[in-house]
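So, here's a batch of structures to check.
Each of the two complexes below includes chain A, the first together with chain B, the second together with chain C.
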Partner chain A sequence: MTMFKNGGGRSAIVWCIFVLPLPAFLILAYFLPMMGILSWSFTDPVPGLQNYARIAEDQTIHLLFWRTLRICLTTAVISVLVAYLLAYHWILGPPARQRLIEMAILIPFWISVLVRAFGWLILLRPKGLINENLIALGIITEPLAMVRNEIGVVIGMVHFMVPMAVFPIAAVMRQIDPRVIQAARGLGAGSVRRFIEVFLPLSMPGVIGALFIVAVFSLGFFITPAILGGGRVVMVAENIFVRMLQTANWGLGSALAAVLLVLVVGLIWILSRIVRLDRLL
Partner chain B sequence: MHNDQPGRISTAFVYVAILFLASPLLAVIPISFTSKRFLSMPDGDWSLRHYQELLSNQQWHDGILTSVTIAALAAILATVFATLFCIGIWYVKSRFTHAFVGIVLAPLAVPPIISALALYFFVTRTNTFDTLLGVVISHAVMSVPYAVVTLLVTLSQVDRRIELAARNLGASVWQTTFWVVLPNIRFGVLTAAFLSFVMSWEEIAVTLFVTSVKIVTLPRMIWAGLRDNVDPVIAAISVALILLTVLGMVLKLIAELRAGPRTQG
Partner chain C sequence: MFDDQLQDNQLQVIGITRKFGSFTALDDVSIDVRRGEFLTLLGPSGSGKSTLLNILAGFDAPTEGRLVQDGHDVTRKPAEARNFGMVFQGYALFPHMSVARNVAFPLRVRKVPESEQKRRVAEVLERVGLSAHADKLPRQLSGGQQQRVALARALVFSPDVLLLDEPLSALDKNLREQLQLEFQRIHREFKTTFIFVTHDQTEALALSSRIAIFNRGRLMQMDGPTDIYTRPSSRFVAEFLGQINLFRVENVTSAKDGISGRFGECLLAAPGHVRDPAWVGVRPENMRLKATQPDASQNAVPVTVNAVSYHGPTVLLSLTAATDGTTNVLSATMPASEWTDFDAQKPHWLCWSRDDSLVFPQENEAEQGA
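Right after this comes the complex of A and B.
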């Protein structure tokens, strides 16, 4: 009983009044209800595994998952490339540029996802700023289709994810010992070689962490896809949203949620095997 | 120089990346000044009618008031829970600590759609669907992990010996907490409360599931506006929210400069 080793009264107060209320609150308001929702996948409309059987067989659901994975993977790769560039300059650039990058990351980070998706809608729609200007300049005659398709969804999601990907990459880059780079220089490595053979491998834990973080977040995301996809680029999360709130197909919706949860938990488990999670903070 | 400076080509690309991050925020500014009833560029015909609409329309006032009320209550709830929890595990140091922290941080990694479903289940079972209480509890659940992370980081920088010293001088748990620990982490507590407030103020995914017609938050109004025929008043409210954020950043910068290096973390 290590829980109560140092004196009865004090420990009891600390446990009952300090430590336990929050986990208890979350179990009651969050974890038990989550079990409740997931149990619907086995009971609605009739008890059994028919919802999972349908997920295993239905071609449109397979397409839905493939589309989701394709969009999440594309988003993750592009976001991490952009974030790496930003993090590199944030850590190593001149002070003025460091402050500019900090602002460019933090201001979008604090602004509502709705406002950001709306901004992209204004830029990308057929009568939007980009198309109107390109037509006015005579570069194109017909507006480019950039919303209500995967391009718009990926652009909006990358914009949402880049700030989140910068933080873990920058955290790892900060921990790289500058003397290692200096040593490489002393041994005659040129700047390209110093980057590719020394800096890049040392920053890889951040890159891998950021890839997984972006993938996990984008898997369950439905606000940006709903606004920029316009109902045509439906991903798993938005599909669950529609099934639950509009068509009241509770059983299948919660079975899809269960599959999504398993995917996310699996990704986090794989990540925890590859890198130490506390290095990313 | 102790380290490699970024090259010119990558510098050019980084400015493209900065432009990419800024462009959707800049794009809403001209649209908000259009004189027309639909999304369009002002084309020389600048107008403040959508800002007037924002200031005069009772619905927007109600939405803002609802959001502020919910965010304040959710922030208080989340901060109290998170502060007690973090101070508690800082006191006890048990082998269960990791498991408890894991449970408390789990909502961070769970997809928002699944959190939304869980909270929908909770509010329907407790008869708090579409009520202030239901939204406050739901938002507190979503923001509490952020408050916990903030406070754990703050507490990790506090010297543990102050608790031992207080205890040796005969202070009770309460005296230690209120007179010794809390004063040392007050910036962390304020940051946690602020973070929780912002999380709730912006929350939309869960709100869509736990409210219907009675509780209409500002994000819910924006969401509805974006789904139907988009009204330029959405651009005006977006500009207001962006200005608020920039103002907050500037104030934070000023506060940091004035406080000096003493209050890091």
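Right after this comes the complex of A and C.
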């Protein structure tokens, strides 16, 4: 700490070397290009608000946003449920189970999202491992439709999102004083009541945080819906890609991107009102 | 008389041993807890007192031995089924519930009707002086107030026994003394059996009807505060509970009414029986400083004064007794008004009555951890 107190000159140098590069990099590589893209939404093909007017009126674009929100919400709810169980056993389980869950959470992180999407395709497609085996076992006669629809997209996205949801939930669970749970027990509460009246309410900030984090991440999902949806379950991000690079409608694409950005920022703002973000780390 | 006492035993700890791997936290402990008493489990950290409390609460089970409540074996009964109140170190209040909801928790668990819950919560909050804070969250209260909420929550369902795990250790000295008085009052009013764990000997002496002293997993002595203070059965108990000056005596000879042994050139006499070599112990408040050698009816040791500290009504003297190369640093208290007559530069005699002497054997000391 003393280096910060050795006069203004020294600390200014420290700031320039250690702190400034990050904001400078973000401004050059992220903020300026983004401003450029956003400016297209007001200038392409002609100056004006016609791109936003179209978003406000076009039924297919409304459907696109509803579908995106619906998939994000479903993904968030399912991911958080699965993550809650994992986090619970990760924090409170016996050591062997804790190690197993750590592996289950960390290994998916090392595998590319592309590889994972294709992996699910191999498992879920009509002639995939699951359908072939179920037919061979005589449980079903027709293959189940698990890809090229929302089910497939949600499965792939949940698989990606569960680890992201485990961390904030586990962080909050770890801060719960075990003596409080013991106190509930000493006062006569059985395991169900201890969970519902004490543990669950105390872990809710983690649950809410995880719901928002997963929802925000999901809004921009591109690869997983593109592969497992097979072009039939188009979400906003994929639609932006198509409009910009395939139909060359840069103005409408960037207007959609702007709306998506506002949604993401809005969700994060609401989250920051509900829970203290630093408790989720 | 003996039968009556047996009847009155609410909880019986019978030969309880608790091992954690090769470490023995509790070693063959037996205690009879009398109905309505204020029993303190006292000992240094790691002495096993908290392990015993956890076993009493049902959070832990003994490796050997039994716990009997009113004639029924409850050794394996889960904590939530025991109907014991518990006040935890650090209070362990539910941070997301108001004071009233915290206190009502054990009543909700027991499915007490809503109106009855309200009445009993209001009554117990009144008794601990927190009626005005019923709707606050625990974090809006001071430490002492949180402690009272914890106490109210543990008492509201009229538990069979109230277990208290170092409940005052987090509070500052003044508040601690104030709450000690309140604990005594509440114990009188509720007539519940209190089992109180602490490492603070003054707290134990002030509050308890009986004290059980633990060391290294073993019950060293159990008695009323006066008995345990004036007649400690071992050097460990004597040293742990209050101050004591010890003299290592040799050539111990036994007579009908006690022993005598040599401390350097002095012959020290004491009631009781002990084998050679032994310790003779005296509490500082039982010692008198004199300018001249007293007659042989008293024990006396020549001393020089090292330091004097003034404590208002009394002075605390640090003294050295040097005889035959045996050096003892001693402490004694005396009224401050008497001390003004002494000259600290001169040699003095430290005297005490043989009846105030305590004797302890020197054997098994390593084991006792003295």
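The rule is short, and it goes like this: the second predicted complex is superposed on the first by the 274 of 281 C-alpha atoms of A that agree within 3 Å, B and C clash if a C-alpha of one lies under 4 Å from a C-alpha of the other, contacts with A are read in each partner's own complex, and residues count from 1 in each chain.
Following the convention adopted for this analysis, contacts are C-beta pairs under 8 Å (C-beta built on N, C-alpha and C of every residue); 3 or more make two chains touch, one makes a residue touch a chain.
Keep in mind the model is a prediction, meaning the values are calculated, not measured.
Engineer: Would chain B and chain C fit next to each other on chain A once aligned, or clash?
Structural biologist: In the superposition, chain B and chain C stay clear of each other.
Engineer: Quick one: classify A:88 as touching chain B (first), chain C (second), both or neither.
Structural biologist: first
Engineer: Is A:182 contacted by the first partner chain B, the second partner chain C, both or neither?
Structural biologist: both
Engineer: Using the touch definition from the top, say if A:197 reaches chain B (first), chain C (second), both or neither.
Structural biologist: second
Engineer: Once the shared chain is lined up, is A:173 touching chain B (first), chain C (second), both, or neither of them?
Structural biologist: neither
Engineer: Does chain B (first) or chain C (second) touch A:111, or do both, or does neither?
Structural biologist: A:111: touches chain B, not chain C.
Engineer: Determine how wide the angle is at the CA centre of chain A between the CA centres of chain C and chain B, giving a multiple of 10 degrees.
Structural biologist: Once the structures are overlaid on A, chain A sees chain B and chain C at 90 degrees.
Engineer: Have a look and say if chain B or chain C is in touch with more residues of chain A.
Structural biologist: Residues of chain A touched, chain B against chain C: more for B.
Engineer: State the minimum pairwise Cα distance, in Å, between chain B and chain C in the overlaid complexes.
Structural biologist: Distance of closest C-alpha approach: 6 Å.
Engineer: Shared contact residues on chain A for chain B and chain C?
Structural biologist: Dual-contact residues (chain A): 179, 182.
Engineer: Taking the complex as given, what residues does chain A use to touch chain C?
Structural biologist: Contacts found on chain A: 177, 179-180, 182-190, 193, 197-198, 201-202.
Engineer: Quick one: which bits of chain C touch chain A in the complex? Just the residue numbers, please.
Structural biologist: Against chain A, the touching part of chain C is residues 57-59, 79-81, 83-86, 88-90, 92-96, 105-106, 108-110, 153-154, 157, 163.
Engineer: Which residues of chain B touch chain A in their complex?
Structural biologist: Listed in rising order, the residues are 2-7, 10-11, 13-14, 17-18, 20-28, 31, 39-41, 81-82, 84-85, 87-89, 91-92, 94-96, 100, 103-104, 106-107, 109-122, 125, 137-138, 141, 144, 148-149, 153, 173, 198, 202, 204-205, 208-209, 219, 222-223, 226-227, 230, 234-235, 238, 241-242, 245-246, 248-249.
Engineer: List the residues on chain A that touch chain B in their complex, please.
Structural biologist: Touching chain B from chain A are residues 2-3, 10-11, 13-15, 17-23, 25-31, 33-34, 36-37, 82, 85-86, 88-89, 92-94, 97, 100-101, 103-108, 110-123, 127, 129, 132, 159, 162-163, 178-179, 181-182, 191, 194-195, 199, 216, 219-223, 226-227, 237, 240-241, 244-245, 253-254, 257, 260-261, 264, 268, 281.
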